[in-house]
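Labels for the chains are A, B, C and D, by order of writing; each one numbers its residues from 1.
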Amino acid sequence: MQTEERQLQFTDIHNDVVRSLVVTGRKYYITLGCAIVLMLACFFFPWFYQLYYGIGAAGMNSPTVWGTYLASFIFWIGLSHSGTLLSCVLHITNSQWRKAMYRSAEAMTLFSLMVAAMMVMVHLGRPWFIHWAVPYPNQMGLWPNFRSPLLFDVMAITTYLTGSSIFIYMGSIPDFAAVRDRTAGWRHHMYVLLSLGWRGTDTEWHRLGWAYTFLAVLIIPLAVSVHSIVSWDFAMSIVPGLHQTIFAPYFVVGAIYSGTAGIVTVMFVLRKYMNFEQYITKLHFDNLGKLLLVLSLLWSYINILELFTGWYSGTSTEYEQLKYKLFGFYAPLYWEMILFCGVAPLLLISNKFRTSFVPMLLLSIAINIGMYTERFLIIATTLSRQYLPESWRVYVPSLVELSIIVGSVAMFVTLFLLFVKIFPSVSIYEVKETMKIPKRKGIPEWQATH
Amino acid sequence: MANVDRREFLKLVGAGGVGAGAGFMLAESIKHPVEYLIPYPVPPEEFSPGIATWYNSVCGMCPAGCGISVRTREGRAKKIEGNPLHPVNQGRLCALGQAGLQVLYNPDRLTGPMIQSGQRGDDKFVKITWEDGLSRTAERLAAARRDGISFLSQGVRGHLAELFELFMGELGSDRLLHYDFGHPHALYAANRKFFGEHQLPYYDIRNTRYLLSFGADYLTNWLSPVHHALGFGHSRQGNDGHRGRFVQIEPKMSISGAAADEWIPARPGTEGFLALGIAHHIVADGRYDGDDAGKWRASLADWSSDRVAGLSGVSEETISRLAREFAHAEPALAIAGGAAANHTNAVDTLVAVNALNYLVGNIGKAGGVVFNPDPVTGGSVIDRQANYRTMQNLIENARDGNIDVLIVNNTNPAFTLPRASGFREALAAIPTIVSLSSFMDETTLMADVLLPSHTYLEAWGDDMPQPGVGFPVGAISQPVVAPLYNSRSTGDIILGLAGKLGFNEAIPWTSMEDFLKDGWRQIYERGRPESGDFDAFWRDVLVSGVWGENARRDDSVVIAPGVIEGLAVSAPQFSGERGDYPFILHSYLSTAMYDGRGANLPWMQELPDPMTSIVYGTWVEMNPVTAKDMGFRDGDLVTVTSRFGSIEAPVVTFPAIMPDVVAIPIGQGHNALGRYARNRGANPIEILAPETDSASGNLATSATRVALAATGRRAAPVKTGGESRQLGRGIVQSTGGRSGSPGHSAKLNSIPIVVESA
Amino acid sequence: MSIWDRFASGWREFRKDGYYEEFDYAWTMTIDLDRCTGCGACVTACQAENNIPIVGEEQLERGREMQWIRIERYWEGEYPNAKLKFIPMLCQQCDAAPCETVCPVTATYHNQDGLNVQVYNRCIGTRSCAVYCPYTVRYFNYNDHHWDAPLEQQLNPDVTVREKGVMEKCTFCVQRIRQAKDHAKDDGRRRVRDGEVQPACVQTCPSEALVFGDRKDASSRVSKSMSDARAYRVLDELNTQPSVVYLKKVDADAD
Amino acid sequence: MASNALGLFRDPDSALEAARRLKGAGFARPELISPIPVHGVEDVLGPKKSVIRRFTFFGGLFGALAGFALAAGTAVLYLHPTGGRPIITIPPFLIITYEMTILCGILATVLGFLISARFPAIRERVYVPEAGVDRFAVTVDCDGEERFRRAEAILREAGAETVRSISEGES
């Protein structure tokens, strides 16, 4: 199932992965350094300034009180989506090609969730009181409001973060064990702890298999619920353009869409810079490409539907909203989004395109830019066209906001770079499973049947 | 037929008697409020920390003379509300009045006497003591020629005005002038001409069923806005059964125009023709059956509606309809002001409008024109009111070096006189200028000696509102807080000067309070006191904040001889050729800043202009079509040029303004007056032509033609409002015709006029 | 009372919808658009009473005005038949307030006077209430505001000064309501008398367009004016059940 | 002191074969240590029942109850009427319930896994690093020299490259 030029042995993957962990080139440190510097300069510095000055540092106004911060929040949540979700689905459907890529996909989930959580902090007017959103007994006679979609968010994201971190960890226990035996010094100790003393006995494999499957089963509905709930932050308001029943599926599809695109990007990078050429192959890009195509069509469908309902409602509020979206101040962004997320992905129809790496990379990036735009428009176009025309006002992001967007990407990269040095970024044992298993002569290959 | 009839009013005054001693105890309680959060180590007994104390006083923000109740906590003024007992505003107050607190607590107030240390105008002053300041001034006054002394004050009334009279009398100079930009000279002149009336009458909007307003923005700045607003509300929904109808005739829709049921744009300056046209109709239709009907018919003969229609641009049908409605409705009332009263033919116009009132016989009737008795004191002020001609005269004298000393009291001609008047130049020719202003305004900037006076919330004084409400009303303004700075009340400064100059036998008083008390003792005596105790009376007046008397004018109509025959309106003159200056400049008193005195109040700067929602700054209102033709978009910066200068301001398209008129609000464009006002917007007064109304000597502020030119730059004014169309969302809903709504005439108030004390 | 008793009683009592409609007062304001002249006195009165900051030109330019009550203006028609209609817009104190349900920390909720209260100290600044409010009458403190000395001496000691990151809005001058209730208690009265309490805007309105009172008291002026044929609510179709009732403007020449 | 016989195999089949034979020879349940889950272990060493499913189920159940209690219960204890909704507002509370269900389900599953697979390992157990890479090991504990030789024989016969004796405690 992988490149046939050479028969890979168990030891190859083993060595490759271990090398990817312990052998660290100069390039890596440079990249990491840049990422960290960028993160500090573009994320934390502006944020601290904003903490000092107030949200006024951003470009928001009345009535457009939400802005890019929340857009980034949705974006990162969305990006988090296909990681674990995809991996779970594929695990349950027991598809082989998943196995080389799912680890990094899950990592993506984890880190984009963390960045998303950071975006919430940035978004808040008084983040130093965020703990008030957590139900803990207190003397104030106050309590979070469980009727609030925002609190659904708190619950959902906490659960999702817990779930996906456990999922990725549990999946890597055998690999930790494997790496444990090949490392020394502090790394060894770390992996000793992480691997919980895994031996690989048949019982352990059996238990792991079950637990892993259960987790997968639990996490699929969870992931779906998470982005539905995020969508309800908006859909449960009565703002024209937001108050729509289609929003939950819209957000979920969008999330998986951008997430899958994200995976493509990450795959490409891993393949290129961690020399996993043999394990991450055309096949993966091909399959992901097909998935992307389907998702993009779904996405376009929902967008058309949204326009239609707006037009069909015939009410002034929805109608103005629609006009504004298509031809108003933000119209260029809207059409850019359509181009990137609706039109460009149609290229995926061609096999050649799907199986060529660089175009896929470019497309995946384009899609995620488009998806970010979508999230931004969802907020900007609706809030600046509220019910009372007298209160209409356009919102333009400030420098602080833009820099924080860049910074959040840097933060994601930083986390990911740290990850690839701690977690085996390709699942050793599952890749082994996909390999040709040594056979004893004269025995029917019943292993090969799975 | 005033808003408060006698019994009710006296009852109110009586009610004020509760909790006597508000102002009385104040003397002890005056301490500097800054040092402590609760600034009274040993608090006087009527102060208990945490409990508000209300003091009644008089609003000094505009000439309307509303009564106010000021809420103070721990010796600091917190809130100004209308004095519910005061017949003028009956507990209500306008935005400007509310902002009085920011006059008191303005960060740019002058904190003590100073003298000019550099060149005039370069804002260099050094502090001196009051002793020093007063003696310097006294010396100059003593050294000056008798009629070389000029006293230029803002319009003040009551005993302070009398004190000015006394003082100037002693100095032997007749150059005592009260100057207010917005003073309705033409209205006074017209009433003098038509009725032979010295005082302005009381226009009873409350009880009228039909108000025909020729350009008078009676809801914003004409005479007594708050009182008119009360009347408006009541006439609209207050009287059960019927709803008053309001018609506004003006080239640019004002707030009153927006509130009116019908807004009729008429060519600027032709309001008088319209009035005559309507009068012609009334007489022609035989709606007027006085014994002098013949004379009327004769003098109105050649004002047929077709001719008037041609002149004014208002269709014949409209004119005849207005005439019919006006004659039908009983009572109906016609008023004129604003632009209509600021053309070169203003007095004619206003006389014609008076004729309308006369013809429908509403003189002296409820809902009509009610004559006012002379004010109890300070009535002579009216003759002291300086119109443009008088100011011109002063300016010429100054130029010729006939003025040795000029004392300026809280008026700002350097801002409110056109450049063309040459006032600023004239100031240069005056050796000594003394300013009593509380702020560093444009005029004070030119002064040599600064003797800053208290704000009206720190000073003793009184006021007899003019126009009154049909019967004598007086109100005492008492200090509601201790003086913030080392300033003195205007009265005390004058008395101080008098003392220095040794006018002791003529002006024996040492403090404004004593002077005031003596004055009010006479008022007390003329009221045939039931209770023989002046102090009790004094306290009651202080507590209730207002005093009234049931003396009314008989309602017999006296119409000056020869008026009917002389009835005619001359064509309005405009400065500038139509060719070079295609637009007529309609400059109007801004809602928030009145004549510019509000520009240093942040609240007023941030109060969106009701019509455009613009804050901070000046703008030029244009008809959208005209703007389109000239290729102007909203926010384009244009130069507005008259024969006498030019200013820059951004264009704002305004749906309700005549195509050949551009409107600019007055109030911004200060180059002094503190951080909030300085270098903001432009001042349209600067470019006004020095055209006057010959009959009243009033500056014809609407008689200037201007040209507009694009600068190519954009300077979109800051607006709080977005889209200003409803898009069929039914936000402001309206119902047609007659609504059987039960009205509710409100007399209630939430203010306990009670001082927490024993 | 043990936690379980509390729970039991609570469960019994609070399962039903809108149970708190049985609260003591139902403060209501009616605004007669036929009287309103748009003069803006209410706006300044509110600023003075409620320590509403001076935002400054730069902030206003960025669209961050702070006016708990604002005058909205709507043009109709074109010259020469242009009409301008004003409508004062303030927090509608909705009984079914969208803003209340969305706040994650219950910084805004319904108090026992039927008021939609905003707890500044509890607010963490998610700003979602402002998004959910269809009347856009919630104002956010984008930064700390300051008053040039000695302007701060005017600040009303009965009202807090809000810090950055906090949402604020019209409270129907709750401090005055509290005071009136205390007065009533001192006089041994169970209820506040009609007209005993007025928000700053109502108190100052020169044309008496605003009326305030308790609609539970059928004899109150506000109840009377609510029963007016012209009474309507803005955006009623959203079923937010506002406590601010408008009286339609009368268009004399229409019918 | 119990010692173990451990045979290393190149391929899983031989390992399984060895295990089967050991079992047949009456050895206590042999253990298979492999770098990948070997399929067909069950048919050789007999099926295994996993308790994890119960953990998951009861965890989820608990989560559901706890979730609703959290939302509804505290809503009653802390009265904050909002938006005209009833204090016990079913639809939104169901969402909380849902999330809590999954959260507790996940945690319980993890717990179940750790318990049933005896993680984390406190005392050291038989292990060979090669089995973590590409070798398949079969261990069986056999006390006594003679039994060890027996096991060794079976293992070699099944094709083990090497056979070692490992006593618990070293690894």
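By our rule, a contact is a pair of C-beta atoms (placed from the backbone, for glycine too) under 8 Å apart; a residue touches a chain by one contact, two chains touch by 3 or more.
These numbers were taken from a predicted model, which means no experiment stands behind them.
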item: Most contacted chain pair (by C-beta pair count); value: B-C
item: Identity of the most central chain, Cα criterion; value: C
item: Centre-of-Cα separation between chain D and chain C, whole angstrom; value: 62
item: Intercentroid distance (Cα basis), chain D paired with chain B, Å; value: 91
item: Averaged-CA centre spacing for the pair chain C and chain B, given as whole angstrom; value: 32
item: Interchain centroid distance [CA atoms averaged], chain A/chain B, Å; value: 66
item: Touching two or more other chains - residue numbers and ranges from chain D; value: 75, 77-78, 80, 82-83, 85
item: Touching two or more other chains - residues of chain C; value: 65, 72-74, 98, 101, 103, 106, 109, 235
item: Contacts with 2+ other chains: residues of chain A; value: 142-143, 145, 147-149, 151, 387-391, 393
item: Contact footprint of chain A on chain B as seen in their complex; value: 613, 721-729, 731
item: Residue ranges of chain B touching chain C (in the complex, touch as defined); value: 33-34, 50, 73-74, 76-82, 89, 91-95, 97-99, 101-102, 104-107, 219-220, 225-226, 229-230, 232-234, 236-238, 243, 245, 253, 255-256, 258-259, 261-265, 484, 591-592, 602-608, 610-611, 613, 615-616, 623-625, 655-659, 675, 718, 720-721, 724-726, 729, 731-737, 739-742, 744, 746, 748-751
item: Touching residues on chain A, where the partner in the complex is chain D; value: 9-11, 14, 135, 141-143, 145-149, 151-152, 155-156, 158-159, 162-163, 166, 170, 174, 177-178, 180-181, 196-211, 214-215, 218-219, 221-222, 225, 229, 428-430, 432-433, 437-440, 443, 446-447, 450
item: Contacting residues of chain C [partner chain D, same complex]; value: 3, 6-7, 10-11, 14-20, 94-101, 103, 106, 108-110, 241
item: Chain A residues within the chain B interface of the complex; value: 316-317, 320, 387-393
